[in-house]
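Structures given as structure tokens follow.
After this come two complexes, each holding subunit A, first together with subunit B and then together with subunit C.
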Partner chain A sequence: MSGTPPGLPDPAGDRDGRDGWTGGRDGWTGRFEDELLRLGLQPARARRLAEETAQQAAESATAPDALFGPAHLYARHLLTELNTAAPPAAVPPRATQPGAIQPGAIQPGAIQPGAVRPGAIQPGPVRLRLTGVGKRYRRRTVFSGVDLTVRAGEVTAIVGANGCGKSTLLRICAGLTRPTTGTVHRTRRVGFVPQDGGTAGWLTAGEHFRLFGAAAGLAARRAGSTGEHLAARLAWRPEPGQLAQHLSGGTRQKLNLVLGELHAPDLLLLDEPYQGFDQGTYLDFWKQVLAWRDAGKAVVVVTHLLHDLQHVNHVHDLGAAQ
Partner chain B sequence: MVTAPRPWLHGFLDLCLLAMLRERPDYGYGLAQRLAAAGVADVPGGTLYPALLRLEQQGLAEPRWQPSESGPRRKYYAVTEAGRAALDAQVAEWQRFRDGIDLLVTAGAAR
Partner chain C sequence: MTALVVAALSAREVGRRRVALALVVSLPLWFYLVRRDLEGQSIRMLTLGIGWAVSTLTLFVVNAARGIDPRLRLTGASVLDVIGGRLLALTSGGVALAAGYWALAEADQRLDRPLAAGLMMALTAAIAAPLGSLVAAVLPRELEGALALLSICAVQMLADPAGLAARLMPFWSARELGTYVVDGADSGYLWRALLHAAITWLICAGGTYALFAWRLRLPRYLEP
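Moving on to the complex of A and B:
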């Protein structure tokens, strides 16, 4: 079974290895099912998907790991794929441009609006609601009439051209900037990650953890260990004594991300937080966003990278909302 | 991350699958072979099977388990009425897209 080509191998080619991986809870299928459960799928549905996946491997006479890759990664991939087809239920029609931004989701006409996504994690309570929000600087209207609802367990992307006010809108979401018109309701625990800045060059990562932790009412040791733990999930181990000004741009953004999440917020607001990330870190970042989503957090990401949008539940096009 | 060898297939994979299923019901491996034989792409299992599940979930394709003479039973998919309608819409979309590309790539090549 070595050297499996990217396509499906000839089913007549290898039949001997089949026993032992179609049935039972052991091995790949078991790990696959466990990961589906961990991602919040109903047990019955997880079991059915696991069985079907084993059958699919069997029908092409291939071991599941050769056909699908590692079990936990395929579980996430499959859920993302199945959720991608979900109808953009809460997005106002004018805010979506399926043809322009989601070349993967190609049958908007075939999707029943408001249909329940089978197997998907049901969106939870509203964490952020903007109603008729507008911002004007003197006589220049940046945007107006923005309606946005973000629920627990959902990722919303704010997209739009440079200068259309994405960062301003995010600051309004965070309560840092006051809107000229409209109302904002938000959950109490909010994490905000700015595009740049937000860290102090003469402090170490550990000092940042304790400082931001103190502001959120966390004990110093708890804040430090939480920070280390969150950093590790972004494949970063802060060096003791290293000042933030000596961190690379990408690592400083990781520090920003950790600080935004330190106090376990229900709502995360991220302003293009991947500036300076290399490709691997960039993928880690999106994995992290999906992990937050699956943990029931509401996430809003400002982005101009349209290929990011395969990961998100809703897209708010600020340029189109004018 | 599992990707199709040609990134632009992704947008038209559902179209290809529905078209093949309209011709005749088939199971995953058979569909992969037909795609490869048509010279469209070698679609990895990690791309093909999620797409089939998605079609099933959207009610565009209907599965039926069938025993096979050799080896384990197979999940055959057939196109549904909704699937036919979606396919018609997508075919029109595809033809518009293809004509546009043709126009662009032949415009300067003629002379």
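Moving on to the complex of A and C:
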């Protein structure tokens, strides 16, 4: 199903004198397929999608990059579309986990745990599972016996009083803090967005994209274009040359969010990421969270805003500070 | 590759802090100027100034990156990428600073052993970067770290070079090389200095790596 019959030279490659629009591992299709694989697609499916995309481009006699844009961005977009398009299936409501509360108990109209929202995909494989997790600093027990399961396509909120250990729990999920008791099972690709910090004040947004892209194994140009693409979804266009320390608090948090998502993680851990957001950005943020969920990502968000809970599938209450 | 990006961006970050950079770059100059009347002593002081400047700069750069390093690790960077890249940038900057001051000293004075003088300054800069990062790893707060470096440099400056205290200090190699360069001592001083520098570098770089490998370690969570 390739755009170029086997054994024949790629006409596109002949036309522009390069490796070709569609053929070869270094061409657009190769990059597209590589990105699909990097995003976790099965090799056979990635191959088939790459071939179909190449065929579409060949049929319209247009170079794939002119038709679809950069390969890595189109791969992300296509994956999101595919996940969103998956038919919603009714799933039986799951029992609320110990320590978890029903969102509806707090906010009228909040969804029930386990319910599938319109347009949302059916919750997929487990991305994070905490069993009996506890944290103690010397003699002070911060929390204990936390059980939490988060699946692909779900948003879970962690709520609780100041000092009850919400951020500590999120850091345990990330692996940045060790639990004193209990076990954590977690998917390998994780994005972590801290409450504050986590950026370098003397670097620009573009340089952050390059730095985090390099850490994730992305080439500089690809990291830059992906970062700008993700920033645009938060209604932000990074200005070249503007240092992170000169960004407003809300915009710096947008940068934090983009950095957390740059390497296309399966699990996003967000620690009150909306600090400094204005009303519009706050709404954009939740739209983005739902888009992640609909794209099959698992999202855990620490929050103290009760009206946030209408957006989430599960709420885990850590209770009062101990 | 990641280490090179970290190095390039660390250098860019430091380069943008123009006032701090100017103060750091000029620090060895004051050491040199206050002893300019004594030729040999001025070279020794200049070298110690380079060591102090580079180690202090490294301390602040490493401490400033504390918030970003764990995120880089989570994103996929190794400890060697993060720490190695930063040390590469600061060592390169330090050696460039040493080269500049070597050219100044060479133009200002007629050094008997100019190449050895250049080696002394470059070696001191190369030791200073991992020393600064080791202090940053041990003392995460900037004030404490800066005071520790001040103490190290002061002891190095004041202690008798032949005594045990001076030998245990990281810049003792500069004192030995200084004797070789300024006083025309035999090559035994040169080799002792090189050996001491190599051991100091290994301890500082290895210690930095070990401490950050422990601090930035990520648990191997099983897949659910």
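Keep this in mind: the second predicted complex is superposed on the first by the 199 of 322 C-alpha atoms of A that agree within 3 Å, B and C clash if a C-alpha of one lies under 4 Å from a C-alpha of the other, contacts with A are read in each partner's own complex, and residues count from 1 in each chain.
The working rule: a contact is a pair of C-beta atoms (placed from the backbone, for glycine too) under 8 Å apart; a residue touches a chain by one contact, two chains touch by 3 or more.
None of the values given here were measured: they were computed from a predicted structure.
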**OP:** Considering only touches as defined above, state whether A:Leu283 meets subunit B (first), subunit C (second), both or neither.
**Re:** first
Original post:
When the two structures are overlaid on chain A, which partner does A:Gly132 contact: first (subunit B), second (subunit C), both, or neither?
Top reply: neither
**OP:** Answer with first, second, both or neither: which of subunit B and subunit C does A:Gly249 touch in the superposed model?
**Re:** neither
Subject >> Touching partner for A:Val190 - first (subunit B), second (subunit C), both, neither >> reply: second
Original post:
Which of the two partners, first being subunit B and second being subunit C, lies in contact with A:Thr62: first, second, both, or neither?
Top reply: first
**OP:** Could you say whether A:Leu78 touches subunit B, subunit C, both of them, or neither, answering first, second, both or neither?
**Re:** first
Original post:
Between subunit B (first) and subunit C (second), which, if any, makes contact with A:Pro43: first, second, both or neither?
Top reply: neither
Original post:
Which partner does A:Arg178 reach: the first (subunit B), the second (subunit C), both, or neither?
Top reply: second
**OP:** Jot down the residues of subunit A that show up as touching in both complexes, subunit B in one and subunit C in the other.
**Re:** none
Subject >> Residues of subunit A that touch subunit B when the two form their complex >> reply: 5-8, 11, 15, 18, 22, 49, 52-53, 55-62, 67-69, 74, 77-78, 81-82, 84-85, 103-104, 106-107, 109-111, 118-119, 283
Original post:
Across the complex, what residues on subunit C touch subunit A?
Top reply: 1-2, 5-6, 9, 12-14, 16-17, 64-65, 67-68, 70-77, 81, 218-219, 221-224
Original post:
Contact residues on subunit B for subunit A in the complex?
Top reply: 1-2, 5, 10-12, 14-15, 27-29, 32-33, 36, 42-46, 48-51, 53-54, 57-58, 60, 68, 71-75, 82, 85-86, 89-90, 93
Original post:
In the complex formed with subunit C, which residues of subunit A make contact?
Top reply: 125-129, 149, 174-176, 178, 184-188, 190-192, 194, 197-203, 207, 210-212, 214-217, 220, 243, 259, 262-263
